[in-house]
Structure formats: C-alpha cells, structure tokens
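The same chain A turns up in both complexes below, where it pairs with chain B and then with chain C.
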Partner chain A sequence: MGKRPVSAEFVFATAQYESGDWDSAPLLPANIIDTIARYTEIAVAPTGVIVPLSDDRMLRYPLLYLTGHLPVRFSDAERRNVRLFVERGGMLFVDDHNHDIDGTFHKTATQEITRTVGPLIELPNDHQLYSAFFKFDGPPTTSHELNGWGDNLVHKHLLAVMRGGRIAVLYSSKDYSSEWNYHPDSKRFMSIDNTRFAVNVVVYALSA
Partner chain B sequence: MRSPRSQLEFACRVGVFALLGWLLGASLIPSTGRRAEAVAGAALESRLARWTRRPLGDALHVNLDATPSAWAVDWLAALQHSGHSVTWTGNPAALAISADAVADPRGGARIEIAAPTNAKVVVRDDASVIDSLRIANLGGSMIVPEVVGRLAATAGGEVAGISPPDSARIRSIVVVGQAGWEGRFIVAALEGRGWPVIARFSVAPNVFVGQSTPPALDTARVAAVIAVDTSLQGLGATIERYVQSGGGLILAGSSSLASTAASLAPGALGARFRPAVLPRDTISLGSTGFYPVASLKPDAIALERRGAGVTIAARRVGAGRVMQIGYDDSWRWRMAGGPGSDAAHAAWWSRLVSSVAYAPSGRRSEVEASSAPLAAMVARIGPARPIPTGADARPPVDRRIYMVLIMILLLTEWASRRLRGLR
Partner chain C sequence: MNAFARLRAARFALATGIVLRALAWGAVAAITVVVGVALVDVVVPLSLEIRARILGLAVAAGIATIAALAWRDRSVLSAERVALWLEERFPSLEYALVTAVEAGDERFVAGASTDRWISTAQRRAVASLRAPLSALVAATIIILILPSGAVARVRSPRAGDSLDRAGTSRAGRGNRLSPLVAEVAPPAYTGQASTTIDEPADVRALAGSRVTLRGRGSGDGILMVASGDTLQPGTRDDRWSVPFTVGSRPMAVRLSDGTDARIIAVEPIADNAPVVTLVTPPHDSVFRAPVGRIALTADASDDIGLAIGAFEYIVSSGEGETFTFRSGTIGAKRLDAKTATLSASIRLDSLALKPGDILHLRAVARDANDISGPGVGTSETRAIRIARAGEYDSIAVEAAAPSDAEKGMISQRMLIMLAEALQQKRPRLARDTVVRESHSIAADQKKLRRTVGDIVFTRLGGNPSAEETNDEENPQLAKSMTELLARADSATNQSTDPVDFQGGEAPVVAVNKPLLEAYNAMWDAAVNLEQGEPDRALPHMRAALAAIQKARQAERLYLRGAPLPVVIDIDKARLKGKDKGSSSARRSLTVSDSAATARAARFAKIVELSSRDPRAVVDSLLLLRIDALTDAPTFAAALSDAVAALRAGKSDAATSALARARRALAGPAIVQDSLGRWGNAP
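Right, the complex of A and B next:
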C-alpha cells in the first residue's frame, strides 16, 4: 500500500452550537476513534476536532456529531451552515443525551432540524445503516433507556432526514452519548463492545 | 473608273456576301479549336444548363470565392465525366465540421471545427446560433448540451453542415478504493449527474461495502473504472486487459502507486503537494493538495498543470484511455468551496469520466459530403487548376451581331443607291 496522505484521514468532528451543552460527552470522540481503528482499516485521525456550526469550517467535516441536554436553537449562521452542509452531502448525527422523547433537547432539536433541513421520519430497522459493517436488527438498545431516568421506553427506531435516498440527518433518542462516553481502555471489561454501532454510522457516512 | 460612292456600295455588297459565306461555312464545318469559358462562382448555377449544351471537350472554368452547393458540384462532376474539361481556381475556406455524442448521461455533443487560422466560425443548429469561435491552430472544439436538427458551421461564405450525432450508450462506472470521503463524494457526484455507479469500498481486510464481489470488468457493461487509492491492486491483471480492450481508467490520488497500475499510468507520482490555502480561505480545486504527476511516459500528455507540477495527464493504452489525476481530496472543493462548488465538482468529475469512458455511439456509415464541402469538391472534380493551355478563353461572339452587320451593310448600299436615283 502507498503512503497514506494526511488529507485522506477520517476526522471525528463534534459540533459546537451556541444554545446548549454541546460538550456533554467529552470522552465519546476518543472512544469512537478507538473503535474505528480497532475494527476497520479506515484511516482515522488520532484525535477529534470541535467545530462551531456557525463557522464555515464545519463544511470540512462531512460527518458531524451533535449532542446535549439543553434546548437547541440554531443561530442564523448555524442554520445556514447546517442547511448547506446537508445539501452538499454531509451527514449530521444527532443524539439526545437525555434519552427521552419529551425532554427539552428532543423537542427543540427535532423542531430545529425540521425547520432547517426538513421533517424527520422513522428509519426502517432493515436500513443499510444497520448492515454497513456489523449486523444489527435495528438500533442497538442502550443501558440508559430503561434505567428509570428517562421515559422507560426502548426507542425502536432512529429518525432521519433523507436526501437523495441517503441519510442526511440521523437522529437518536437512544442516548449513545452516555453509552459511549467512557475511556476506551474500559472496553476490555465488556463482553460485547457497545460502540460497534458507531462503526456502522461512520462506514455508512463514508460509503453511502 | 467607279466613283467612290459606287465603290462603297460594291464594298458593302462584298462584305455582305463574305459574312453570309462565313456564317454558312461556320455552320457546316465544325470548329477544330478548343474553346474555354470562365465564369464567376456567383453565376455558376445559372450557367450550368448552358454549359451542358456546349460541345464536348470545351474547357469550363469557374472562379470560386466559396464552394458551390452540393448539386452544383455534382453537375460539374457530371460535365467532367461527359468529356468536358472542368477546372476551378479561387480560395474557398477549407472548412469542416464533425460532431460526436458526449459520453454523458445528460447527453450533449462535442463539435470539432477545422478552418483556417484566425477564421471566425459561427456554429448553429436548426433552432438558433449556438456559439462562435475564433480558430487558432487550424481547429477548435466546443461541447454543447443539446443539438436541434442539423449542425452548420459558417466561415465567410463557406458553410459546412452535418447531421446531429446519435446519443452515446452509457455504461456503469466502477469506483474502487478504501472507504473515505474522496470515493464517497466521487460516487455522489457521478450519481448526481446520472451515471450508473458500482462502488466497492474496502473498510477492513476482506470486508467491503457496496458491491461485495469484484466487479466483472467488461466494456459491454463497464464504461470506466475510477481508482481512488491503491485498492486497485485487488483487481489484479484484469484491469490491464480491460483497458487494452477499450475501457477507461482514472487513476486518482495515490492509486497509481499500485503495481497493477504501473504499466498503465501516464507517469509516476511525485511527493504530495501541500495545500497552499489557510483553513479559512475559500477552497477551490486548485487550492487543495495533489500528487504531481512526474516522469511522464513518452506517449503521455499533460492536460493540466498547477505551478510546476502536472495535476492531470493522460495516455492511450491499447484501445482504452488512462487518465492520471493528482488530486486526492477534491471532495473538499465540493463540501467547503464557494457557492456552486458542489455542482462544479459533479460536472468536473463527469467530464473526466466522459473523456475516458467507453461509450460507443451509432457511427455514420459514411462521411457526409456537406461536412467538409471544399474537400468533397476536390474529391469530385480535383484540386484547383487554371484553364488548360491552348484553350481559347475568349468569350464566343454572339452570331446575331453578324446579322445586324449584314443588315447595316445592305441598308447602306440601298440608301446610297436611292440617293443616286437608282433602284
């Protein structure tokens, strides 16, 4: 294999927005990067980046991860950039750190997404996303969905905004932000790596 | 001794008899001299019928500013075949037009024009004027999205016309490489332009997304292969066989480092050129990084340069075409470029693929004569030549003049005699 150019590396990017606690899962990026490097031969940058949605530089990271607990209200610049990001083929992965369907994050984030790029629809559990690398029957359940702090519901589907047959915005109420927010070394204590679904998200974004 | 008056009357009578005798002789004894007739190009078509009635062997010559219409050339050729000497001189513009279907799902035609250097050529179809171009180095070309009816090129008074080309038959494009943004957005660009794409991206050893089995490389199904990186290695020797048989190959980024690409690539890869722009600068294609194509093979040509480095080069391999593109992150142009950069990125990739794709169109069985009128005329009646030596190029005298002259002489004699009181 030839020398791998730096520009070809996948960079895990966390979206920073003005209205909420965008940095509520600080250990997640390193954990996902570790997972990508562990299971795939995708060239991945060893550290992630944080990019403000209001900054044009966000367009240089076609997969953006966005999370938080607090209300989401995009500024005009954020809204303009997110709209352009989706139109040009980027994929925004939004995860509700509250793991519920009536919380402020869920209500405001889905409103904001609908307003900015279009309505969210249920993603079928046989979608290509669930077989992009590992095989899943649907979105993997998290330990936070039934722990009494949320709505006591297992969310059976993820939501998505589709563009040209592909996922432009992937919305999760599963609280993967809590599920994956730990140091990568802790994986050795797990019988099954619970971050494997992140590989599917990244592989789907890079190939679909 | 006759008076001068009677001498005049005698001379008139002799003149009349001489003219009548000459006319009688000319009508009974055919002329042995070869006559020639020359005409300007503008009067040719009206003269052809008369030329047809001229004695065989007469030299017929036309001075041309522009090539006559096809039927007039056919008529001249028929006169030549019937035994006339048909020649022409002049300087009609050597104009020619050809049109081929562009291998693009959106259609379009590539129009090639040959004309004298510095000539201004106007190209039009049955709908309207398409464009004009000033010819440099004897030729020019343009790509038009659509052609309505016949195409015509006009330079001065010369007109060359051709039927529109059949559309090209579009086959699939295979994209291979590791999963990454470049391959992902190449696929998006081509699919957005209507190309059927077969993608096969490697994500782990022996794990692929997209098509799981190696695609069958056959020009009946695949128009071109795009290699994003050295994953091309996995296709083995089939890629060379495919290109030799007419398939197109685009070696993007580092893909030509694959050993299977070494004999196909137009050149070697130099050290990657770092992007020259700051993160906040507007990204355009030329501002992203690239591998310069170095050590071009003798039959390779450089198609694009950035600074001192060649960014795009191409060569023919067997019946196929190989293009080497130094850019390995054109996706940045699409995602982070200025307004319209996503469409420009898609159009750019589609053009690259079109230029190498195997996409045969319905070929014409023969070249239309109207596509190169001067060449067609030369093929029918020969190159420019002066009037043959020995031919009498003086215009023939209208014989009615002789009759008028006879009448004048008779009237003169009659008037003179009457004035003298004679009958």
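Right, the complex of A and C next:
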C-alpha cells in the first residue's frame, strides 16, 4: 500500500479514536458520498476512508466525521492532531449517536472538544452553513428526535467551535448518524432525501 | 627598661601606626568607591545588576589598598630599619644603636639616652593617621550631603529602589511616571513570593496576579487605563500606587499624567493543568468474568502544585442503540506537591458488571488554581470489557494465563537476560563454553521465533504447523519460511502505512506488523547466537522485545470495525449520460488570514512612522506585540526584541529585529510544483 497523495477529489473521512465505538454508523459514509454525487459536481471519491485521529494522515482531509455511543476520551496524540487539524482549517463534524443530551457521549465529547479546541457555542440558525447549498431554517430534525428516542428533545441548534469566523468543530445532538445510516439505494423509497443537509456540511467544509 | 626593650617598643608603636593607617586608607578607598558610584547614580541611574556588584568592588578596593600599604611599609618589622630610623631622629647616637643591633650587643648603647625613642615613634604613628582620617571625614560629609537614599541604593541595592533614587536629570524632574516600579504578587494559592520590577516595560506574571504600580509624588491627575477600566492611583507618604489584576489575555496598561504617558505590556502566564499518566492498568483488556481487583496507579504533576487527585470510572452497559451508564470516583486524595503518585484499587465484583459491560478508567488531578481554574488534568482512559458468552471462542480470556504475545514477551526478556549474563562472563570463559551456552540460548530463541511465527501464520491464514518443525533440510517447509520472510519483509520494510482501508495492504497484515518485525529480529538474533556472538545478538533481541511490546500495546481489534464495503457508482448517482463538465474549482483550506493582514498593515504603518516619531514607534510596537502574543508568538518575540533595541538606542539590532518580525509576519515561503488549475497564466 503506497502513501495516498493529497487528493484532488473530496474523500469522506471517518475519524477513528481510541476510546469508543467510532464505527457505529458504517453505512453513513457511502450514503453521504452518494448524496454529494447526486446533487453536486464536486469530484468525490467513491468510497470513504477511516483515519485514526492519532495518525498524521488525518490532516489530509478537510472534513472529518466522528460519532459513537461510548465515552470520548482522546489520547494525547489524538488531541494534538485534532488541535492541529482545526488550526489548519479542517472541520470536525461530531454527531452524538446517542442523541441524548445527558448521555455519556455528549458529556465526554463536549468536554473533550472544549479541552482540545475550545468552548462550544450555539450555532445561529441563520448561519451560512444552512444556506451553503440547500436552504434550511436551522438543523433539520431527525426521526429519532421526533419519536422521543433518546433525551425526548428536539434540539433547536447545533453547537460549534468557531475559529476565525468559520466553523472548526460542528457538534450535533440530532443523531444524524442514525438518520443517515442506511444503504444509499434505499433513498428511492423516500419522498424527501433526508441526507441533503450533509451536502451543506460538505460544501461548507470545502469552501468556508 | 634597657635599650633593646625600648627599641622593640618603638618598633611596635610604628607598626601599629602603619597598620591603622593602612586600615584607614582601605576604608577611605571603599567608601570613595561607594560614594563615587552613588554620585554617578544620582546623575545617571545605574541598573540593579551594576549596583549589586559595586559593594564587592568597594570591598576589593579597600583590601587592595590595605595590602598595598602594608607591603610598602613592611620594613617596620626589621629591627635594623627601626634602629636606622631612630639614628636619623637622634644623630647623637652616631650609629651606636645600629651597631648594637647588628652585633646583638647592648653595651654599644649603654651610655645613650633612650627615654624619647618610644614617644617619638608614637608621635610619628599618630601623625601618619591624620591624612586618612581627614579623608574619612570628607567622605562622611559627602555622604551626608548626598540626597536621601542615594548611598543606600549602592550599599544595599534591591529591586524597586528606583523610587528612592534622587534624580537630577532633566527628564526625570517633574515626571511622576518615572521612576516607576511594579510589584507583582502572585495569587495566594501559588505560595510564591512577590517580586518587584524597576521601570517595567513588560510584565510577565501568572494570570490572577496582583500588580501594583508605584511612583513618586501625589497620584492626583494620574490615570491608568487597563482592559477598558480607568483607575486613579491612591497616594501615601508622597508615593502614588495603583493596583490591577493580570487577566487571562495579554493587555496594555496605559499610564498618563498630563502630557507624559507610559505603556506597559502585561503578558499573563497561564497556570497549566496537571499532567496525569495512568500507569496501571497499562492497557485495555477483556475479562472473562467480572471478578477480582484491579490495581490503579497514576503519576500526576503540575507546574504550580497539585490539590486533589482521584480515579474516575464509567460503566457502560448495553449494545447497539441502547446504552446506560454509571460513573463514580475512587481513591480521592488531597495533594500538596508538584508531583504525586496516586494509587487505589477497584473490585470488579462491587460494580455488578454484566457480560458486555465496559469499565472505563482514568485518573484525574486538579490543581489549586482558584483564580481561573481549577486546572483539571486527566490521563488516558483504559477500557476493561467483560466478555459475552458468545465471544469465549473468539477471544482468549483465560483467567490467569497470559496471551501468546505476552508469553513471548516474557520469554524474550528472559533470553535477553541470559545473553547479557553470558556476555558479561564471556572474558572468563573458554571459547568452546561460550559457543555451547550461546547455542543453548539460540535454541530457545528459535523456539520462541516459531511461536511468534505460528501466531502470524494463523492470522495470515496460513498453516500454523508449517513453521512448527521448520528445518533447513526440508525444502517444502523452507518454502514456507521463505514465504513468511517475504511477507514479513513486505510488511515491515516496504510499507509504512499502519491502517488505511483504501490501500492494497490487508488490515490483518498491518495488525501483525510488529510481530513480523519481532520475527525478523529473532531470526537475526538466533543466527548470531549460533555463531557464539551474544553481543551481536543482543541488539536484535532487544529489537524483538520492543516489537512484541509494541504489538501488545497496539493490538486492538474492533469486532465491528470494518464497515460494509459499499462503493458508490458516482456516474450512476449522477445519472449517467449527463455532461458533467469539470468539477467545481476547489482550493485547499487555509486559516483565515484577515487578522494577519490587519497586523501586517499595522506593522507597515509603524515602520513608516519610525523615522518621524521613534518614541511613538516603541509604544505602537508594544501594543502590536500584545495583540500578536496569542496568535503569532514568533512575531511577538521579534517585536519584543525590536522594542528592547529601540529603547537601548541600538539601531542595527532594532532593524534586524524588525526584519525578523516582517519575516515572521509573512510566514514560510509557499512553493508550488505546478500552476494552479485556475491560475492566471495564459
């Protein structure tokens, strides 16, 4: 296996971290890639990659997706790389697969993000992210929020760590990891593609 | 009293006078140095460092003077020279005294009058003291004339005594902002002593420190602006003072008094959070049953001091989408040191763990920072999982038996010890004995290598027994060995990527890489041992141990780790047949440079200003430095050097520092190996 060159095409990268089940949404990457291909002309790689946060190669990707159910505790190497990643202009998209505001993932992940990158703030619902491609009035709700699963809350905002006016870390308690974790072929059964917001996340990450 | 006794008494009187005169001149020399420096200090303020050395210089001058005078007049110890001195004063002796001393016969001066010898010598001794004593009186008068505190600044110099200096310079007269002293009191929790800075331009202090600026005269009309707040100093004993607290961000403190103004850069030093390392358990593990006790040990350290340390645990239960959590703290301990070792133990039985549960353990330490903290440091987290019944066949969780890799590590360590012992006693052994014992170790090394080979073979999908009876005489098995070595070389030498599911290397090879390294190293070690060269074998043996250790630490298998290989057909998703043109122009992300641009513009203006108003340039550079401290420390450091050089009037050094600042601002050179896709080239 040779070294992967810095690619001219967008590669969806899933962050692997030591402490938890980083692979809890295995179908999500393919689904997002399919969505990017459907709606945009962005050159996109047909498969995603899994990249350890402790590996310097994580710095090659402009967007990293991180999810899980279990406690998030970065190792020193992971923390150092995440800090570097954000300083270099990368965007870390963290989604709580528990969709539980009092859950351990939420507590530990927000604690770890605060410690590593900075404090999370509520992202205004008129932020550029929500109009980067499709127009949204805020973060789209998920079926898991609406059916009362998790913390019984419909979260009105996403959280973010801002750096130089751009989103460095996007944190979601919406559980998009469950909402988007299905085979892309199943989209044909949907009246509205619920992964469209992922296009905004990717476009924002590539252009902000 | 006979003549010789009177001669000795006269000599004693003369010697006493000489010693006292030397001491007096020595004192005059020392005081003159002190007074001279005090006079200079009145005109031109001397630094604390120079003044601290003056006292030593004064003592040295005094001692040198005493020594020189004593050496010059050492002839007073000679009876002949004293006798000659008396002959000069009493010509009637007609050299009878000198002759008596040289002959040692007192009878030569039997008839001489000896009554006035001693009194003459005493008068001479007293007369010799007049000059030094007069000089001493003159020096004392000068000391009394000098302004109050002038001598004290030289005699007992200390930081902050610039307020005591009697200034005569035109610049200092009437300017209440000079001299200026900053007294820095660190936060109480640090237990550190206060420090004082004369004429502060930069103040570096722990966040939360209390800084008091002091100056001479009344505080009426003086204003201090810090962090948007305006304060007026208080006055006491003809000294004004104004306190402020060091925040968490750099700031500029501006003092103004009519047309006089000063800017002080305040750079906070952050109290770092404790650093915590979990020593035991050393790695994650899987237990077959939730029984027994786990020893917990952690090392903690802090730059100021630790306050509390403890271990935290979280028990996560469940699977899939349903998880529940419990958490708690154990082994909490009050600490009062910069470093500490935490220890505790946790009984798995008491946690009511069920199969599939995961126990997350970490150590936490807090410092005593009650200003911006407490700073909390945490160790890495260890995960202890209780195996489910269905996993018993797939994971080795025998209660006490170490895994194969661990057994290998123990054995390798034993082999290293044996080889080291053999190497140590090698000079005393016959060559045959060395070779025999080395062969014995080589045999064990080969057995261990086969065991490691089995593990690797099994994981690579090969036949474990193929390596079991490896022998060079069996070509079929040698082929297996060749194959294994080829795979080992391939994995350990040619590829450097540990995990990348997009590459050509199977993940299982990547997982086995440390063991393959160990296998290679063991091979080399065994060859050297068979040649009776344990010293050459030892580096390979240690490399093998390190590789096994790496495998033991790194091996972490996620049973659900491999996502389904879904490959998106991009053309299909884009509805094949559509002319998609070229993809959107993309550029790599760079950190927003608006701040850097603004900073560069400010810097350019300041440099432009340098020819017209150098004083304003210093203040402007200070302010720019404060802004840049957080984001551009290299640039800020260069500005600090430039300010120091400008203040010292060193034009060349200032130019050099400003050039460095400009380079730091511009950042590293950007090298592109090709034209950009949307470049402006025709």
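Throughout what follows, the second predicted complex is superposed on the first by the 201 of 208 C-alpha atoms of A that agree within 3 Å, B and C clash if a C-alpha of one lies under 4 Å from a C-alpha of the other, contacts with A are read in each partner's own complex, and residues count from 1 in each chain.
Note that in this section a residue touches a chain if its C-beta (ideal position, glycine included) is under 8 Å from a C-beta of that chain, and two chains touch if they have at least 3 such contacts.
Model, not experiment: these values are computed from the prediction.
A.B. asks: Could you let me know whether more residues of chain A are touched by chain B or by chain C?
C.D. replies: After superposing on chain A, more of chain A is contacted by C.
A.B. asks: Classify the contacts of A:Leu59 with the two partner chains as first (chain B alone), second (chain C alone), both, or neither.
C.D. replies: A:Leu59 sits against chain B, while chain C stays out of touch.
A.B. asks: Is A:Glu41 contacted by the first partner chain B, the second partner chain C, both or neither?
C.D. replies: both
A.B. asks: Quick one: classify A:Arg88 as touching chain B (first), chain C (second), both or neither.
C.D. replies: both
A.B. asks: Looking at A:Ala132, would you say it contacts chain B, chain C, both, or neither? Reply first, second, both or neither.
C.D. replies: The first partner, chain B, only.
A.B. asks: In the superposed arrangement, which partner chain does A:Leu206 touch: chain B (first), chain C (second), both, or neither?
C.D. replies: Both partners.
A.B. asks: Thinking of the overlay built on chain A, is A:Ile192 touched by chain B (first), by chain C (second), by both, or by neither?
C.D. replies: After superposing on A, A:Ile192 lies clear of both chain B and chain C.
A.B. asks: Using the touch definition from the top, say if A:Arg73 reaches chain B (first), chain C (second), both or neither.
C.D. replies: Only chain C; A:Arg73 stays clear of chain B.
A.B. asks: Considering only the contact definition stated at the top, list the common interface residues of chain A for chain B and chain C.
C.D. replies: 1-4, 8, 10, 40-43, 57, 62, 87-90, 164, 205-206, 208
A.B. asks: Could you please specify the touching residues of chain A with respect to chain C in the complex?
C.D. replies: Of all residues in chain A, those touching chain C are 1-4, 6, 8-10, 14, 16, 18-19, 21, 23-24, 26-27, 29-30, 33-34, 37-38, 40-44, 46-47, 49-52, 55, 57, 62, 69-71, 73, 75-76, 87-90, 97-98, 103-104, 149, 163-166, 178, 183-184, 205-206, 208.
A.B. asks: Which positions of chain B touch chain A when the two form their complex?
C.D. replies: 178-185, 188, 191-192, 199, 201-205, 207, 209-210, 229-230, 233, 253-254, 257-258, 272, 275, 279-280, 288-289, 328-329, 331-332, 334-336, 341-342
A.B. asks: Hey, which residues of chain C end up touching chain A in the complex?
C.D. replies: By the definition above, chain C touches chain A via 314, 316, 321, 323, 325, 327, 358, 360, 362, 378, 380-381, 383, 495-505, 556, 558, 560-570, 573-574, 580-584, 586, 588-592, 594-595.
A.B. asks: Tell me, which parts of chain A touch chain B in their complex?
C.D. replies: Counting only chain A, the residues touching chain B are 1-5, 7-8, 10, 39-43, 56-57, 59-60, 62, 85, 87-90, 132-133, 164, 203, 205-208.
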